Amino acid sequence: MTADAAIQTTREQVAALHAELVRYGLVVWTGGNISGRVPGEDLFVIKPSGVEYDELAADNMILCDLDGNVVPGTLGSERAPSSDTAAHAYVYRNMSHVGGVVHTHSDYAAAWAARGEAIPCVLTAMADEFGGEIPVGPFAIIGDDSIGRGIVETLDGHRSRAVLMQNHGVFTIGKDARDAVKAAVMTEDVARTVHFSRQLGEPIPIPQEKIDALFDRYQNVYGQKPQGAL
Amino acid sequence: MTADAAIQTTREQVAALHAELVRYGLVVWTGGNISGRVPGEDLFVIKPSGVEYDELAADNMILCDLDGNVVPGTLGSERAPSSDTAAHAYVYRNMSHVGGVVHTHSDYAAAWAARGEAIPCVLTAMADEFGGEIPVGPFAIIGDDSIGRGIVETLDGHRSRAVLMQNHGVFTIGKDARDAVKAAVMTEDVARTVHFSRQLGEPIPIPQEKIDALFDRYQNVYGQKPQGAL
Amino acid sequence: MTADAAIQTTREQVAALHAELVRYGLVVWTGGNISGRVPGEDLFVIKPSGVEYDELAADNMILCDLDGNVVPGTLGSERAPSSDTAAHAYVYRNMSHVGGVVHTHSDYAAAWAARGEAIPCVLTAMADEFGGEIPVGPFAIIGDDSIGRGIVETLDGHRSRAVLMQNHGVFTIGKDARDAVKAAVMTEDVARTVHFSRQLGEPIPIPQEKIDALFDRYQNVYGQKPQGAL
Amino acid sequence: MTADAAIQTTREQVAALHAELVRYGLVVWTGGNISGRVPGEDLFVIKPSGVEYDELAADNMILCDLDGNVVPGTLGSERAPSSDTAAHAYVYRNMSHVGGVVHTHSDYAAAWAARGEAIPCVLTAMADEFGGEIPVGPFAIIGDDSIGRGIVETLDGHRSRAVLMQNHGVFTIGKDARDAVKAAVMTEDVARTVHFSRQLGEPIPIPQEKIDALFDRYQNVYGQKPQGAL
């Protein structure tokens, strides 16, 4: 595939995936954002800042280099990219296997994040998808690399593709943008179920060896074709 | 009806019923699955693995024998069936009156399951539909017959058509796939209402003889035609 | 209006109003039901039993006399009316100013009902709509007049148009079917909000004279034309 | 723009924005209302009283002067304006920088309001949007200027564009109607997330200097063009 074709395909995928954030109720107003690395290029595509979900389309997605700078003269480049672009760029620069990044303030996950509390692995679906707890990253605010660094330091070497940034929200990574969106959807789903379970008592922990067995199987067997662990 | 016609009808019903899981918010992403026994045959139809709900159709449902093996050369057989196929097959082999099986991780039901706690019968709708509490089945993971065995051992001889598998989610059975879907919908509904009720105090138990009277009446009178108890 | 025209209009209104129960998430599957008195006649129109919401239409609504008997030979009379028909009939026989009755198991209201606890009046919207708390009616099961009697005994002389039947769900009344549906929608809304408020502390009571002032004003001024208090 | 054109544009915007209240689940039945000041005129446009959301359109919005009187002979003037019109008018008379006002009883925000408790700033999104906690206004009932006065006294000089009126609901203000709607949407979103977080423990406070930095940045940088702080 040529670079132009790869860019166009990534634009289309990233634009379309934003509808999943709406479908699953993970975002309100213009909040949240998805980016996708352009395969074979040192580039990624990300949502513009402050634009409504109904208006997102391939042509207004914004193309950035791995320092988070908009590539001048490209489609959509007259607009500002997502205010979280620096964090996405930091992840792409420092985690070469990551092909997609998602950020939301989805309610149940953000509630755990506001307490600075990891979500314990008490559901087989969490063992499958995240291989254990969903960890908490540091408190960090926009303006420098501290959010990106917090994501990478928390997730590097961790099975989880999701991190709860303290007092903030969720960042998820994936082998591509779709995989990161799936992680964002599943994060909110397990954040909600474990929240409900804890409201009326203490969920039963799953033994570590069972978590390991579930994670290994799910990463290698589930679905229509094998998925490599991220 | 010929076997081919029965298979085709079951494919259509099972495919269409998946929309009810979406409508009632019982599933996210590609999670959850429905199967239906083909009337008069030692066969059942089940959802493919890892395929999106929007893409499900009669022609990509998968036909399996009662050992859970895909019937070669049939429509959809190029795909893998649901990763829960072995559990469905175990139920069909061991509960001859069951014509449909549903599996979800619906949030409130899964929250009870994560605590390993049965849902007490404190609503007349639960007495009607389940004849008492919704019981908990054992912790069991994918890979052998332990999930199927846990379902059957818990539900065999029990009035409830639903079981909360510990740390996992819900399996429901029914006289046909539609009846099992109804049980899945009602399970989440009562799991949610009893959860809410317990959050602010203790729900009032319903006396056993009233539960018995409600269950008996509902199984025999409700709706447009009598339904045999499962 | 002729009796036939009044019946037809009532059929259309009652059928259409069921969509509001779905829109506001007050019902699942085939649960819940609405009836409307035929103006000027000793008749009412009610939902058939066990029929899906998508299939409800004027022509399959069922016409009953005030003893709850289906009027033979009328449209829809080949089907059974709602299993709650006796309760609706009892209300119409004993509360001549009631023109509509609604029954749901809406989740938050049913959660209060399962504890047998009235919803306290801590929201100005409750004072407006219900004039005070939403009361609890007795535990009663289907099979005789005990549900209908419980509704009437609880609501007769009470400002509230809604009653929480213990361990069961909600019945609401109104000057017509639409007014009773509004009461059902508002009941769940306040049941939910007061539930949320109580989860984190104790809501502040509203002084009785303020409740009285709000109720009086709302019943006489709000909306495009004055509404008589029920 | 002529006065007539400005009125028409405001009618269209205010009518259309009501759909956002429905989309985000902030209102039920005919509850809630939005108004917008007509740029350059001592007039505002507001929702009619007791009319369904599906029927709202530019032509049935109601034009009022800053005392809350309907302008006779204008489109929609045969109907009564929202019963909260006096409160909106009070805000426009007393806060000249306000171009839009929204009122809802959205559930989580109203739950905080029923306890008379401010929502603490424990989310970076709250710091961005509200610059600190969302404050509580006094208990006040319809009939005189006490609601409007309570809104103005609470929000005047406060960073927050939202106030929780005790036992009642939310009023938000904005530079225009759209900005006030955004504030209403974000109020419910943070009310919900902080509620969830508090249910299982104590959220971590955000240091004041970080709140200040986030609020300053968001008001000046976010989105496609700079927004002045209200």
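To keep things simple, chains are lettered A, B, C and D as they appear, and every chain counts its residues starting from 1.
The definition used in the following text is that a contact is a pair of C-beta atoms (placed from the backbone, for glycine too) under 8 Å apart; a residue touches a chain by one contact, two chains touch by 3 or more.
These numbers were taken from a predicted model, which means no experiment stands behind them.
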Walk from subunit A over to subunit C along touching chains and report the minimum step count. 2
Counting shared numbers against all numbers at the contact of subunit C and subunit D, is it over half, same, or under half, different? different
Nearest 5 degrees is plenty: how much rotation brings the CA atoms of subunit A onto those of subunit D? 90
With chain centres taken as the means of their Cα atoms, state the distance from subunit A to subunit B in Å. 32
Go ahead and note the Å separation of the Cα centroids belonging to subunit B and subunit D. 45
Which residue numbers or ranges of subunit A touch two or more of the other chains? 199
If you connect every pair of chains that touch, what shape comes out? Choose line, ring, star, complete or other. ring
Sort out which chains touch which and give me every pair. A-B, A-D, B-C, C-D
Touching residues of subunit B toward subunit C in the complex: what are they? 24, 122-125, 182, 185-186, 189, 192-194, 196-197, 199-204, 206, 210, 213-214, 217, 221-224
Subunit D to subunit C touching residues, read off their complex: 28-31, 48-51, 79-80, 83, 105, 107-108, 110-112, 114-117, 139, 141-143, 166-169, 195, 198-199
